[in-house]
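Take this structure, written in structure tokens, and hold onto it; I'll ask about it next.
Each chain carries a letter (A, B, C and D) given by its place in the written order, and its residues are counted from 1.
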């Protein structure tokens, strides 16, 4: 492991402790990644507890999700690497099982979550007013990760500015040009998901 | 930066860490200020994460919101400076995106949130019984901050004792003669907003 | 201040930090006490933030609530001292504005909260099965503390084993033979209040 | 106390602090255990606060729940020892009064909680797809622990792969081959219980 690998592993481990303390990566759920180079990515190894990560819990993969130096990556690695392959500016991606994203996506069969009127929509790149519409797609869950990656790719073809997506009953994926920006975006998403759930409850 | 500037920047940074831990300033939302002198105010710079503030994340502005020594203040600086300009006793102001204030204000088009029967109403200056009525105005959100400041001013003309206000889908503003008092008032507001939301849910 | 006074002040200050972190004493709400002797009690001074107490924030009062060595006790001191006067075994009392006790008591005009079927009812002295009925009285709030103390006394005449009570829109009072036992009882009460609120929501 | 006893007592005390901070073992509720040998188990002593355990708060019992060296074990010890007696691979068991398990089990008289469509079902041994059905039995509460243990045994006869169970109004029991695995399973259960409660609320 070189120093870049170690620094990024430690940054993701620190993020993992914070995200676990919020209840967003229960048990061994979730997976995290950061770009190492134009053609390689650091990802969490399969089956680790994201609140207790250390440097041994990461490995390098290429953009097809294949390990560069051995190890067993997260089953969902392809969902990470497709982001780095498609978007050259993406340097970090986080997948969390937040309760709000899980519940919202299981509550109704809708294919998109639509947010309007929230000032916090401005947390997303390119949004400068609450009088916009923020759309987060919801994909049906499947254990066939390659098929899921294809659905995501097809959506990106139509909506290249999509800032994040949800997998039904399975949580949220988001990505950004830095880990800090990715964590901020995740905070904004959870806020919006939480408020939307509350409003649906009040509206009955 | 002189020692007064630094001491106030550090006090607001510490407040920011606490408020972020509560989930009240997700992503880079919210903005904070403290009075430096009769005609100048310390405010948070534009776009910073309020849970990770340091001294470089603040700047001095005059009461019209113009930077004294350069820097780019929060877009909503005018909403802070109007408080210091109008109320000579105000020394601190906090704006947070609390989930409860966001949800309550989006739930219905009401122009005022009215609280009755809570002992905690006594947390506000001049209130000495729960048998009073506490009114918190709700302004519709707009990206035109100067127009919003005008609406707030017009409300203050009619209700000079207004202790705080909400911007729809955008969170809460409160102010006080000290940062400690402002934080206490914010705690009281969040408690009232949270209880009111719970009661609306129970009443269906 | 002698060493017993200091030790108890520090124990209550530590309890206050914990209770504030849970959101049970927002702003300057709540008040705490411990017995000093058969005829004197340590109470929190008026208007202090219960999450930031230090030794100067306490004073000694007699069982009529009068300061022994000066100072201004909490406005509700009489509600504490009546417990020490009536129950010789009581050594600690905590009053908190928990959200669940506030919301439950404002939701309906009932004069008693009744709990059945919870294993945790066994946390209260003399209860050894969930097949019992735990009754917590709710008194209407008033700023006339002497009148409130009389209502509480009249209730105790009928129900001397009453373990705690709620004041409508104003929170919960509980007491025990030690501060540890009092905190445990408060945890149990909040659990029961929280679960009851959830059940009322589900039952619609 | 030998070093194995001490190490396991300290591991359970650390787990207790974490579980208490989450609000899952209010007052003196809950009880914990770890296997010491093929025929002995470490369990929490009766009536201790699970957030403040130290080494003196544990004792060794045999697989019938009888103390090996004196002490008074938790009243529910038999529910722990039956797991170690029946399942040779079990090395740790946790019983917590989580709010979600309490509320869900009191909400309706159902004898089983059924989870479908959650990716997190894969946190349980032998489950490799969300397109499975996870069934958690609910036993009616009784103070007759021997009778309760018999009901649990009868259920295990029919469903030997049962990963956890709930006692109505009384919380959840889970077990695993290590304390770490048991805590992960408990996190997964609480996530599922919490999401299910939210969905029931939304569905009205």
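The definition used in the following text is that a contact is a pair of C-beta atoms (placed from the backbone, for glycine too) under 8 Å apart; a residue touches a chain by one contact, two chains touch by 3 or more.
Bear in mind the structure is a predicted one, so any value in this text is a computation, not a measurement.
Participant: Interface check for copies chain B and chain C. Shared numbers divided by all numbers used: above half gives same, below half gives different; which is it?
Facilitator: different
Participant: Tell me the angle, as a multiple of 5 degrees, of the rotation that maps chain A onto chain B over the C-alpha atoms.
Facilitator: Result for this pair is 90 degrees.
Participant: If you average the Cα atoms of chain A and of chain D to get two centres, how far apart are those centres in Å?
Facilitator: Distance between chain centres, rounded to whole Å: 32 Å.
Participant: Could you please state the distance in Å, as a whole number, between where the Cα atoms of chain B are centred and where those of chain D are centred?
Facilitator: Taking the mean C-alpha position of each chain, the two centres sit 45 Å apart.
Participant: Among the residues of chain A, pick out those that touch two or more other chains and give their numbers.
Facilitator: Within chain A, the residues that touch at least two other chains are 201, 204.
Participant: Which word fits how the chains touch one another: line, ring, star, complete or other?
Facilitator: Basically the chains close up into a ring.
Participant: Would you pull the chain D residues touching chain C in the complex into a rising list?
Facilitator: 23, 26-29, 49, 97, 99, 102-103, 106-107, 141, 143, 167-171, 197, 200-201, 204
Participant: How about chain C: which of its residues touch chain D in the complex?
Facilitator: 117-120, 123, 128-131, 180, 184-185, 187-188, 190-191, 194-195, 198-199, 201-204
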